[in-house]
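Dropping a structure here in structure tokens format, bear with me for questions.
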Amino acid sequence: MTGPEPGSGPIGGSGAGSDTGAPEQSSDTSRLETFSDGVLAIAITLLILEVRVPPDVPGRDLGRAVLHQWPSYAGYAVSFLTIGVIWVNHHHMFKLIARTNHPFLMINVVFLMAIAFLPWPTTLVADYIRDPDGRRVAAVVYGLTMVAVAVMFCVVWFYASWRGRLLNGELDREALNRTYRSYLLGPVVYGSAVVIALFAPLVSLAIYAALAVYWLLPGTGPRA
Amino acid sequence: MTGPEPGSGPIGGSGAGSDTGAPEQSSDTSRLETFSDGVLAIAITLLILEVRVPPDVPGRDLGRAVLHQWPSYAGYAVSFLTIGVIWVNHHHMFKLIARTNHPFLMINVVFLMAIAFLPWPTTLVADYIRDPDGRRVAAVVYGLTMVAVAVMFCVVWFYASWRGRLLNGELDREALNRTYRSYLLGPVVYGSAVVIALFAPLVSLAIYAALAVYWLLPGTGPRA
Amino acid sequence: MTGPEPGSGPIGGSGAGSDTGAPEQSSDTSRLETFSDGVLAIAITLLILEVRVPPDVPGRDLGRAVLHQWPSYAGYAVSFLTIGVIWVNHHHMFKLIARTNHPFLMINVVFLMAIAFLPWPTTLVADYIRDPDGRRVAAVVYGLTMVAVAVMFCVVWFYASWRGRLLNGELDREALNRTYRSYLLGPVVYGSAVVIALFAPLVSLAIYAALAVYWLLPGTGPRA
Amino acid sequence: MTGPEPGSGPIGGSGAGSDTGAPEQSSDTSRLETFSDGVLAIAITLLILEVRVPPDVPGRDLGRAVLHQWPSYAGYAVSFLTIGVIWVNHHHMFKLIARTNHPFLMINVVFLMAIAFLPWPTTLVADYIRDPDGRRVAAVVYGLTMVAVAVMFCVVWFYASWRGRLLNGELDREALNRTYRSYLLGPVVYGSAVVIALFAPLVSLAIYAALAVYWLLPGTGPRA
């Protein structure tokens, strides 16, 4: 909307990283978390709009028509759990982040842009899973969206944790490295599933579903 | 999205249940409540999208067409009140819960997945209530969704209250047992309504409506 | 979902109105305000979904088609401002309310149910404003929805303020009476507009628009 | 909904600007920020509803059909980033604003009304970008919406900062003037793009996209 802004210049001159600005900065993180939660909550709830009511089916065939739509319910469940897991992880990540700055807010907006896109490939998969050619395209598109989400998740973390830029206190260097490596798994796993989708779309769809369920299980995520 | 996470390992090592982590943990509960409220607020407001405007009716017949749609308004009201009551109860439950952990967040995501599904069976019922065969299917689907919601509500509470895992201070054991029993009523009542729906779908729809109104009344819910 | 609840019985026995429960109670108000704001924010933003893009119009006629849709934009603006004004007033009302209890939460749910319905009559008016018979029906339905909103707004306030039940400290009795009277104007004004709609629907639609703009103006609302 | 309100008169007599009312006033700002964030989060997430799934395309043509829809994805990205940038700027502006009053809440409602409209011109552009006449109309409508947003953004800031009315402490007069000038760029830039759209709609669409990306880049926004 506008170029420079009240925060810039002498007025709001508590630059990112200044220690004195701490309370202001943490209020920043809280508004960023609220906004992110809002977008995630809306994207997750909009998924139901993609499940359609069978139109004008004779009553006696409704049961079959409802069952026939199983890919819609499966897509709803997989994408819901996936976004839910991302919310939990985003949430844990932000326990370690104490400050924000302008580029970090913008990186988060791009991250949210990738996630809020997910309802669309979800419908694409549900609508074309029965067509052998169609489901190849749909599985690739779904996977590419997840790659974008996983890459942006890494970017958010790398930006915040690079030299402890926005982090909360001193952190164990070794633990940070382990976290880096575990986050990098996301793009690798989803990237592989995209390649698999070219040859065996149903296998890659099964991988997306398995990942959502796997991360849901106790012991696979953070402990606190 | 990601496997292990910054919260795990030496970095965020304030395990659930450690007393020192209290402030951090209560901020967890607050973000969980905010996210849940967001999903509930969106699911409840999306219900209006299922009420359609009669398309291209001649003006002189519009009044009749609007009245003819009464199942849509009834479905809107029943599901709105039902989600509203669930919100109030979720809200009261969380007054007693002081901490979260990773599995608890995931259980809540599954609970929200059941509730956010409700707009779909609501439309199904409104669209097929006039067809004797159709409404049987619709009433069963609506009831099964409510059974899933009621079961997950119990699971949320059982997980949190088991040996006081995530609860706030010491609680009266006898009172906890009474609460358990009252929560278990939900799956039983909705499960019975599903069985009734197989024989008398209109009766079971009346039960769903009656339950929403009943819990709305003073004296049927918590006192604080 | 559930009958009695952990809040009831010996566990959460800080009854409404007990002074010792103050902090807990005020946290209640805050979650109620957040939920209400969420529903209002969603209902206000969903209004845009009712403005449709002209489908498959030849490019050279698009300008005319876009202008032809003016009732959709007008409906969007009037309902947006109306919900906005209600948000502001709800917001001011809650500055005076310090506590909640179970019936009060339920009354608020019913109030939100009336408001969240508004996108539907808004579309009805926009779609049928050009048909002399259709707009009568649409204007009546829109007005009845607003009567329901206005009545529920009064009920919320009456319940909270009756003998100061949920209010914040001692209030000037004379001022409370003036507030009662001013709130009661809402149902009267919208009720009159419904009657007018039976004879002159365009006049009543103009009244709805004028009310939204009037309350927007400085000096017509609360001062703080 | 209602005329005068509990806040007016002797009851809630802490007029805007009174120093004693500080805590109450700052709670006001927080609820205004939450509501604005809610509307922005919903408007940004609803954008995905405008991206449609190609209906009933034979599977072997789905890849092409998905690529053919590129204007929808581009529109999604441009409007998402635009609203994201506005959110960041709104957010920074409110760090300087300490109080609200009735007209200020209303001005914000009108500002939100402009932003929440954006999904509609976004779809209009995506649907008509291939038609030379259609895209002229669409580019003008999109630009006019952005002019409205930019003007209202200025109005919000001018109202709050006029003689420091609602601002937080003393501010550097020179810095305020610089901020005024930078905000005024918004309406000028988007206004020029509307004029350009009359002759070269594709150029003006490129300008909208470039602006969204430009403000995303580091160094173009506020520093804190």
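Details
As written, the chain order gives the labels A, B, C and D, with residue 1 at the start of each chain.
Just so we're on the same page, contacts are C-beta pairs under 8 Å (C-beta built on N, C-alpha and C of every residue); 3 or more make two chains touch, one makes a residue touch a chain.
Owing to the predicted nature of the structure, the values given are computational and were not obtained by experimental measurement.
Looking at chain C and chain D, not one chain touches each of them.
Two copies of one sequence, chain A and chain D, touch each other mainly through non-matching residues, since under half of the numbers at the interface are common to both. Chain centres were defined as the mean of their Cα atoms; on that basis the chain farthest from chain B turns out to be D.
With centres taken as mean Cα positions, chain C sits 34 Å from chain A. Centres computed as Cα averages put chain A at a distance of 24 Å from chain B. Annotation for chain A: residues 34, 38, 42, 46, 49 touch two or more other chains. Screening every pair of chains for touch gives A-B, A-D, B-C, C-D.
Every residue of chain A that touches chain D in the complex is listed here, in rising order: 1-16, 21, 24, 27-28, 31, 34-35, 38-39, 42-43, 46, 49, 101-103, 105-106, 109-110, 112-113, 116-117, 119-120, 123-124, 127-128, 131-138, 141. Across the complex, chain A meets chain B through its residues 33-34, 37-38, 40-42, 44-49, 51, 53, 57-60, 62-63, 66, 76-77, 80-82, 84-89, 91-93, 95-96, 149-150, 153, 157, 171-172, 174-176, 178-179, 182-183, 185-186, 215-216, 218, 220-224.
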